[in-house]
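Two complexes are shown next, each including chain A; its partner changes from chain B in the first to chain C in the second.
Moving on to the complex of A and B:
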């Protein structure tokens, strides 16, 4: 307790804070812009003095190519940085901030590296894959910048676990309420209990189209049932309709949540595989350049 | 009349059982009285398969019964065998209701059967107490029970559960859980709501009621019990229902009343006080001895050792070396002076003022918790802004306090016998000044829990600490070269007040002019602007409030109310004004601070006119956070929901830096205006979790983090005490394959806390030793360079850690109160 000058943990108390885009007053945006401006200025300054337009094979092309390749490899390392929790003074937010702006700067750097020479070859394939990665990443920036509010606004203070528990509890109620019903009515309740699909495929979650939802059908059929003469059954049907409606509400909430989550994750399904493809194409591009030079 | 036993032992827990076994092996005539039909009820009632720990590991066990860490069943089995082997005379279902007589001729009245006569009595009844009984007619009928062991035992019965706490609700839910059991369950609650129970339990109860699985009757109490029937009083009148069984779960009353009725005095009125004991465990009633948890020793090993010792004492042994002697010897070796343990105990007790009132037995226990340290001249004992809540007593030498951070040569001495560090103890805040030894000095460092126990046991110690605290706190807050003599007039009329959360000490517009010092807790300042209370500022412990009205003799300009339970010292205005007149330096200082506070108020008022929205937002966010307990936090994790993408990397990082278990739940918790307070430790100033930790395993670390050390015994007290639900009981999962194996070959569950299924499978395949469930909570990534992993691992900057005094500042308005 009274150790003096011992090893203390770094304090990270903050008064105000910035998101990854604004990190340190847009430090990485400024660095990336500067990099692009310098590259453009040098390119056109050099280009004006060359007989042919500068290509990847010129000294400028090599410089830009080396920078771009280095950046691509470093950018891809974010996936490792995110998962390896080491102690030490790093901030994943700073990494993401740099990842975003330096990644965007590749649009300029790599394009200048091509010297605007495109064709049906491995080199242009690498370029195209890179652009695909960047475009999907830009989608990601949009998602990260706009969706969190909706994600949390939708769920309020209900957690995923609570949503599942609510559904479970409603199902239990449906099961108990269905006991006095005849076969026909019980069949409808079973439809909701057994056939309702909460999530489904990624595409279903992304689009949020559950038009054929079993619970919706069960609700419709239950409402269409002729009123039973037995008062006990009539009361059960009334309460079942209420519970089915409650279930529809919870399903809607959970599905909206899954939809937003799917959008927040969906771009990664392009971004990550395209990154691996890019790394492969980039390797082929570099090897072929040096082999067939 | 029956035989007169040499010793009657009441209670068959570890302490009583060990005493009885030793009496039996010494051939002393004895009887062991147990209320239930089995030994050691407290441990018997642990859940099945619970791993019981044997701490402190260094303490040698001295008992005729064996004890080692292990499963509950194994331990109980061992004890049953030991008790049998020793030939203990056990009397089951023997509940003592009164003790009369004197040493040599006591009579123990039982609830059932013949009284028992004994020369000496050992009370080892623990602190669990007795269940509160139903008071209506018929409450003693056999179908009224106060415990429910197995809800599955009863079928096709009409069962009434009486009581609205967690125990009652859980019992009722258990009885109604399986419809196939066919029970008709009703729960009775005397009040209208279930305020004492956990929210989750109440929700489940309401769900069960809505589903028609049980009946909930509120504002209802039982008035008559007859075989097969119960009559209850409802707001609509009384009704009679069919009833085969009544389960009454109405809490327990602590055993203090019973103990006092035997003629035994407690050390103080405080609810945490223990009976006053001699070095041989004898109470103020000669012939009655108290051992075990009731004597203030909650750990099994201590209890068993005391059982052995107390029998030795009763048998007349005087030179028994206490079992903790080696521990103390080790603790005290290396100190200058070549004293024996008992010489040290006497040296410290007689030298340090607050220890004067302790008995040798208390002194022994006290020293087990505390540290004695020798310092060289000029050696730092603690440094300004260190975290620390321990109290120091000077046994030899003296120390100097560096009162002026800018000039270490200005010091104030504190002499032999006195104490220091009390502000940290009482307010839970950082150290206010650096303190160095002025000469070679020996100090005893008393951890917070031991200091609080001491204050509860010895009223003189409490008064001394309080007096010194007030004096030093005033000197420290106002500085300006004041001396104790200057402020003696102010302190003479000072009043220490306990303030409830939300209670105001100052009301806007009132004509009053006293000054308040916040000793513990914190206050918020509100001002009525445009008909709405607007949050102006947060006043932490160790500051003052109310100076404007005192200096300007004007009505109060704002309301000051407690954010959490707080202690304040009220300093009357007139003596303070005279002090200001005598000390122009102090007057100038206070005037300057007042000006600064007034500027902040003016700024907020001005902003309110121009940008009402921003101020309202700031004010309501501040109020929300105070309601979430941020007022007692020192460091809290907040999540900005406008940035959080729900990736749970914070949880994964937490798990991966702490044995694979996450100590935070991002999704759970409350939200207001984009600020989400996840379920994660706030490192309270006065942590609730510390209040009842048998092995004293919860401590505050050097950076203010409240952490659980590896001496945890897994009792779960802290989990129940934490109002924020941030402590969980769990065991570390089996080690995961390396991360690169997961990345390349998909081996193992990947980053973060492994899912339950994986843990179960991995635990089965790995032949790991059985490990107990221990309490785990955030330790603020103590000792890790770079600080808390949750913040470092947040990709978008949504996770931040804040301290309330910094976060609740006006700077947020200027930034748009985001």
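Moving on to the complex of A and C:
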């Protein structure tokens, strides 16, 4: 459930996004909620009776900590599980469903484990990384639940391949139209042909800010060009302006696709690295606690 | 010399396959090169100028190319405005995407092969997917994961295991919270307490600064100074010998609590350590992010007194203590009664209800001294207010409170009895000379060789003078007279004679009958100064001194007296108070009441203030 790209989008949306959230009538949502409710009830019953201030070092702290650490390791195993193709009872869908809901339950379990004691130390770092993983994961759930429809709505009947072909065709037209132009005109068309960056950097894609787009600049400059005296050239300029505008439209459409795709995939750029960081911090947390027991 | 250009135009097919080759021969001395369709060589590249350059023969097999548009072209990787080339060397000239390869032709002209780089690449739909080269998911995952592993675990662990006195303390990031202010100086020195990796903090670490054992205390204080403690450590005694404690302590009540203790023991994290009750690295109640620390480690009560003392004898056969499951079963006081006075007195625990008699060696009837109509009262009135009396004697006339007010100073004969019981034996130049008190040999030495010089007359002289009968027996030596009936010593001391040798029964007054209890005389309800609640006691309410004829009587009250207020409700008596074990006993010093939380205040433990505090006896 990681790669949602190109023509797969539709199938994934139909089969999986409703699927993993509602899997077996929200079975894992119910299990996770029950786990949280039990943890909260036990915490508030026990914490008041503990002789020491609530922390990860009380017996309840150790119990919650062991459950949480086990869950984190299991949740991280989704990366391995998804690469193995199996079917049946423990289908990937069931795993993802459990991954989502048990992952969310960690917000409660791990917070209770801390006993609400935070500080500038490795222990709170592990907690913060865990929260980062969970928040980015929640973003992913939101993305998978909403964005595929927006992707579809954005592109209408045009496929991504068609968008690229349209751009290529427009570029060819621009090139041929520009041949009779003088050096200035040709430079402006070259700007659009050679400098236009379809996707651009990570942040450009995520934010969708293409203010310095070469095609936009070329269009502006082309319109500002004094009308050539040669009627053949003048006609070429007019047609080039039209084609540049068409290209701008196609670019806009493709880039909106990219932006939605970026959000759809971007959370993984936080979720995966933060998970590895969390596993390291969790190891340090556990080992250090017992080193200085 | 044929000035002929043989042009070969090679065009790649869009769908692949053999290229299209068009050939043309131009018998011209000069060719024009440019994008415009009128040129001899048309290069359909927008980076080429409409009229870009001219090419002409400049010798046999040689051509020169000059830029006419002021735009350069490329020869052998160099950007030039003009060049003369030998076709024999097969040079390649580039204009934009086009390359013009020159070669000698058979007819002596020059062949020009014109081809275009096919650098068209088609964007694939994968361009829509998010990619990041440097900050790719895998890269970031490994860098962050291994970075945290190194910085937060591997490096600190190397310091913990192998660095003896490191200058930096990477293990400080492992601290789960600030230490209390009293221990804040150890914040960076984790190993001062966590001496061994993977072993829970042991008492040894605590006692290295806090041991009260006289053999270890000086070393402990020195160690605290060496570690940089700004405070003098409180020296802590163990409640009882540790082995006995372990034996006497039962598992806590409740299945979960039992399991908790057993599991902790199984994992070498026993619950009978100093650190089991005195918790560090935890935020003070109401602590803020700026001031998270309390003054001292948080005290956690893991055992109640009764959990051990209810059935102590069962677990600890050798104990002399009586099982005390609750206040109502608190054993009656068994006073520590002196059975032999002297320099090394002997004591025995005796129940108060057996009317114990103490052998303190002193002859002192309380009744006589407290009788408001008796001679003692008369004498006290006569002495007057100027001498500190002026009325019948009260307890406080002889029993003086110590600096804390909780207890009383030991009785001093000269101060507390001497105003009436004169030790004077001579008058020299109007000044009375007193016998030394406390050492019979000194008395004997003082009186040696003296004879009686007392005036005759009544025995009832003003106190402070020499009593006429003090040295009675004409012709007797002052020495014998002093230790005989009527002599200065005879009233209070039990004296026997062996020939000419005088023997005094050794005298010692008890300072505490209940050394394991912390009775506080400074409490107003206990007869202390200040406003007492209704029902509070004065001295005579507990101590039946007015009817005691012998100093051997043990005059402390029984436990029932305590029960008048303790364990009662305010509805029953206004002076009601709790009947908690800690009111009279503390864990580390069972003979004292439990200090109030936070006492003594941390600031008073600063080395500079600790010494005067001690001198004051606090």
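Here is the rule we use: the second predicted complex is superposed on the first by the 267 of 293 C-alpha atoms of A that agree within 3 Å, B and C clash if a C-alpha of one lies under 4 Å from a C-alpha of the other, contacts with A are read in each partner's own complex, and residues count from 1 in each chain.
The criterion applied here is as follows: a contact is a pair of C-beta atoms (placed from the backbone, for glycine too) under 8 Å apart; a residue touches a chain by one contact, two chains touch by 3 or more.
For clarity, every value in this text was computed on a predicted model and none was experimentally measured.
Taking chain A as the reference chain, the count of touched residues is higher for C when chain B and chain C are set side by side.
Of the two partner chains, chain B and chain C are each touched by A:160. Once the two complexes are laid over each other on the shared chain, residue contacts for A:83 go to chain B alone; chain C is not touched.
With both structures placed on the common chain, the touch criterion links A:65 to neither chain B nor chain C. Look at A:103: by the touch rule set out above, it reaches neither chain B nor chain C.
Once the two complexes are laid over each other on the shared chain, residue contacts for A:169 go to chain B alone; chain C is not touched.
In the overlay built on the shared chain, the residue A:261 is in contact with chain B and with chain C. Of the two partner chains, chain C is the only one that A:290 touches; chain B does not reach it.
Across the superposed pair, chain B and chain C both touch chain A at residues 3, 5-7, 160-161, 176, 261.
By the touch criterion stated above, chain B contacts chain A in their complex at residues 179, 207, 210-213, 380-383, 386, 388-390, 445, 447, 635, 640-646, 649, 652-653, 656-657, 667-671, 674, 676, 699-700, 702-703, 705, 739, 743, 750-751, 780-789, 791-798, 800-803, 806-807, 809, 811-812, 815, 818.
Remark: chain C residues 35-37, 44, 46-47, 49-50, 69, 71, 122-132, 135, 137-138, 140-149, 152-153, 156-157, 160, 171, 173-178, 190, 194, 197-201, 256, 260, 263, 269, 279, 282-283, 285, 292, 298, 300-302 touch chain A in the complex. By the touch rule above, chain A contacts chain B in their complex via residues 1-20, 23, 80, 82-85, 87-93, 95-96, 143-144, 147-149, 151-152, 156-157, 159-161, 169, 172-173, 176, 261, 264. Put simply, chain A touches chain C in their complex at residues 3, 5-7, 51-53, 55-57, 59, 117, 119-123, 125, 160-161, 164, 167-168, 175-176, 178-183, 186-187, 189-190, 193, 198-199, 202, 205, 254, 257-258, 261-262, 265-266, 268-269, 272-277, 279-281, 283-284, 287-293.
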